[in-house]
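Each structure below appears as structure tokens.
Below, chain A partners chain B and then partners chain C, in two separate complexes.
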Partner chain A sequence: MSDTPMIDQLETGPWPSFIKDIKRMAEKNAMCKDLLGLLEMSYKDKKTHWKHGGIVGVRGYGGGIIGRYSDSPEKFPNVSHFHTVRVNQPSAWFYNTGALRYLCDLWEKHGSGLTNLHGSTGDFVMLGTTTDQLEPIFTDLSEHGWDLGGSGSDVRTPSCCNGMARCEFACYDTMNLCYDLTNEYQDELHRPAFPYKFKFKMSGCPNDCVASIARSDCSIIGTWRDDIQQDDAAVAEYAKGGKVDIANDVVGKCPTGCMSWNGSKLSIDNKNCNRCMHCINVMPKALRPGKDKGAMILLGAKAPIVQGALLSSVLVPFIKMEPPYEEFKDLIRRIWEFWDEHGENRERIGEMIVRIGKGNFVEEVGLEPVPAMIKEPRSNPYIFYEEYFDEE
Partner chain B sequence: MASLEEIKDYLFHKVESYAGKKQVKVPHLTQEIIEHFGEAECSKKDVKEALKELIDEEKLVYGYYGGTTIELPHVEGSANA
Partner chain C sequence: MDRETLSELLLARKYQDAMDLVKKRHGNLRILLGLLYSEEELVRWRAVTLLGLIAAEGRTNLAPAVRRMLWFLSEESSTIGWCSAQAIAEIYRNNPGMARDAIRVVLHFSDDPELSLPANRNTPILAGSIWAIGALADSEPALVSEMGPALVEFLKDPDPVIRGFSAWALGRMRFRAAEEALNALSGDDSVINIYEDDSLRKVTVARAAGDALENIVKNSE
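Right, the complex of A and B next:
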């Protein structure tokens, strides 16, 4: 009988199995063999046998290594240490095959050979190594032009969609901004000094393919402030082809009802468009984002750890997002200064804004309140007019 | 103005005083050090620089216990197992 009857079941079914992969690695790596044993024990005991945290890291860095120890080192000595290494990924996860070979070879040499591509922060995640291997790994990575990513109370590794490299909808160069911010905030990335983590994610258009609105403290989402570019001849082609029911599938699904279709002409009331991208996604040959492009800055998303999950809400409705991004960086500096001063232990920026009120936050970071600072379109504005209260 | 060495010295002894009692974090330490020297004598930037030097000299290390902590170097119990 197998030593691992419970996890063996995870090899059945049509999908690729992580158990199958770990078993393959276990033939040449003792860590993977013990990992299977520890995992089987977890399934049997219905609890994890990992311990998290501690002081493991590389010299000078507070981020990039996540300590993992097993609570059963006597049974599974090869996974008594099983630390995770986060490697800062290239913008938009573009690797050449040589880079991937190098990273895989490095990990087979110094670790378990198991990886996660990619972690939710975006990093190339290497799973399982021992404390004594950390400095050699870091030295090797550095010599080959790589660096560790973020972890703990620091700026987490910035990540972005592939923007202008692959997508016709990108309203700013997400990859350039991601690279720029990664270089600009090296100190904040490697030397944690914030009340808690801070994540940047960049999407080139409101489709938000990296889900920045749900997954980052600061979401930078491409948008435009003029009119949607419209090609009436291409609209007619969509109508004639019968592939798109413009009345139902485009106009009928416009969330703000800013479009109309009379059977031959599509009209858009652009001042009431909230840039949801639906019509553009349905008819990409006929409709395109406007020409006056930039980004909106949203703040405050997080997953439910200390408190419940939050989505980002609009802080700056439109900003030109061009190098050297001074206006944006100046805003971030003011936000960090305020959060650093007033944020409580393990309090994300979004939680602090909920606690103190968005109106107060906006005033403290030196922004003028505008009606677009909302959580959801056409609802719950945060703005309170002092004159209104005076009258009462 | 407090000198960098004075700030480093005070910072180190603060962390030493918390050892085994409290997992201390950077914002808390920064606040304590500025309160000790006074805002006119010591800024956040000064504390940041002092901490950076102490970490690079390996007199202090980063840890993680529900957020990043600052600690004296030691061998963890888990690592001994």
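Right, the complex of A and C next:
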């Protein structure tokens, strides 16, 4: 009988199983063998056998390594330490095979050989190594041009969609901005000094393929401020022979009802378009984002840890996103300065904005309130009636 | 202000200029906290000193920074505060009100049964905690005296930094019960750096133990 009957069942489902992968590595790596044993024990005991966290790291950096220790080092000595190493991924996760081979070889040499591509922060995640291997790993990575990512209360590794590299909808060069911010904020990335984590995620268009609106403290989402580019001949082509039911599948699903179709002509009231991208996604040959492109800046998303989940909401409806991105960086400096001074320990920026009110936050970071900042009706009002109070 | 400018001021011991610069903008304090991770050992220590001076002046509230640094020492923070223990101790030494809650946690890293175990511990953080005990020995003898027995145990530690820092701290505490264990280090020629009086001093563990014994004997006379 197998030593791991419970986790063996995980291999019987319809999807590829991580157990199968670990077993394959277990043939040549003792850590993976013990990992299977520890996992089986967890399923049997109905509780985790990982202790929470651990204080480990490499010299000069405050983050990038996540300590992990098991509570059963006697039974499974090879996973008594099982630290995670986060490696800063290239913009939009473009690797060549040489790079991937190098990372995998390094990890088989110094760790379990198990990886997680990619962690929700975006990093190339290496799972399972021991404390004594951390400095050699870091030195090797540095010598080959790689760097660690962020963890803890620092700027997390910025990440982006593949934008202009592969997507015609991209309204700004997400990969360039991601690379630029990663270099600009090296100190903040590696030397934690914030109240808590701060994540940048960049999407080239409102389709938001990296889900920045849900997963980052600062979402930078491509948009345009003129009219949707429209090719009437291509619209007619879509309509011909019922390829697309424009009345129902395009106009009928426009969330703001800003479109109309008379059977031969598509009209868009661009002033009322909220850039949902639906019509463009359905008829990409006929409709395109406008020509005056840039990005909107949203702030405040987070997963539920200390408090409940939040989505980002608009802070700047439109900003030109071109190198060297000075206007954007100046805004980030003001935001950090305020959060740094007034944020409570382990308080994400979105939580702070909820606590102090968006109106106060907007004023403090030196922005003019605009209607686009309203997250939803009857919430976060930005209008203050100080004038009325003054009159009284 | 940038990291390099502040590092240079610290290396040149221009503390007043550095303090003026840090106080200019709140964000500059973050840069100073970042220097606690500097690759250059002296810069890290001088950043600790500057935080103490800012605390002594009392015009900048460092309590939020202390809370943050304490969190960096927590095993669930996914962060490592390399010099957090020393910085908290120095802030406390200069202005106890800013770090009253945190200081006990910092000191007790040294006798925490989990964190001081060789398998689990982080040596630089443990060393920072031991240094904190030594740094507070003069001004807060009652606070640190109970840590003496744990430090005596560390004199047998395999890591020379832990042995050397413990010897130094025990000397500053004038902990008489350490005499025998300190004597046993007389042939220990491992070299370590100890930060004292604003400077890094390169000494052997034997020398640190000898100095400690001298302090203890002087005090008992």
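Operating definition for what follows: the second predicted complex is superposed on the first by the 373 of 392 C-alpha atoms of A that agree within 3 Å, B and C clash if a C-alpha of one lies under 4 Å from a C-alpha of the other, contacts with A are read in each partner's own complex, and residues count from 1 in each chain.
We take it that contacts are C-beta pairs under 8 Å (C-beta built on N, C-alpha and C of every residue); 3 or more make two chains touch, one makes a residue touch a chain.
All of these numbers come straight from a predicted model, not from anything done at the bench.
K.L.:
After the alignment on chain A, I want to confirm one thing: do chain B and chain C clash, or do they fit together?
P.N.:
After superposition on chain A, which the two structures share, chain B runs into chain C.
K.L.:
Considering only touches as defined above, state whether A:Asn207 meets chain B (first), chain C (second), both or neither.
P.N.:
In the superposed model, A:Asn207 contacts neither chain B nor chain C.
K.L.:
Output check: A:Arg333 vs chain B and chain C. Expected answer is one of first, second, both, neither. What do you get?
P.N.:
Touch status of A:Arg333: second partner only.
K.L.:
Once chain A of both complexes is superposed, is A:Arg59 in touch with chain B (first), chain C (second), both, or neither?
P.N.:
A:Arg59: touches chain B and chain C.
K.L.:
Output check: A:Asn281 vs chain B and chain C. Expected answer is one of first, second, both, neither. What do you get?
P.N.:
Neither partner.
K.L.:
Name the contact category of A:Gln307: first (chain B only), second (chain C only), both, or neither.
P.N.:
In the superposed model, A:Gln307 contacts neither chain B nor chain C.
K.L.:
Would you check which partner chain A:Gln133 touches, where first means chain B only, second means chain C only, and both and neither mean what they say?
P.N.:
neither
K.L.:
Considering only the contact definition stated at the top, list the common interface residues of chain A for chain B and chain C.
P.N.:
Touching chain B in the first complex and chain C in the second, residues 53-57, 59-63, 66-67, 69, 73, 80, 151-154, 191-195, 340, 345-346 of chain A appear in both lists.
K.L.:
Going by the contact rule set out above, which residues of chain B touch chain A in the complex?
P.N.:
Interface residues on chain B, with respect to chain A: 25-28, 30, 44, 48, 51-52, 55-56, 58, 61-68, 71, 73-74, 76, 78-79, 81.
K.L.:
What does chain A use to touch chain C in their complex?
P.N.:
Residues of chain A touching chain C: 52-57, 59-63, 65-67, 69, 73, 80, 151-154, 187-188, 190-195, 333, 336-337, 340-341, 345-346.
K.L.:
Per the contact definition, I'd like the list of chain C residues that touch chain A in the complex.
P.N.:
3, 25-27, 29-31, 33-34, 36-39, 64, 67-68, 71-82, 115, 119-120, 122, 125
K.L.:
Tell me, which parts of chain A touch chain B in their complex?
P.N.:
51, 53-57, 59-63, 66-67, 69, 73-74, 80-81, 131, 151-154, 191-196, 340, 343, 345-346
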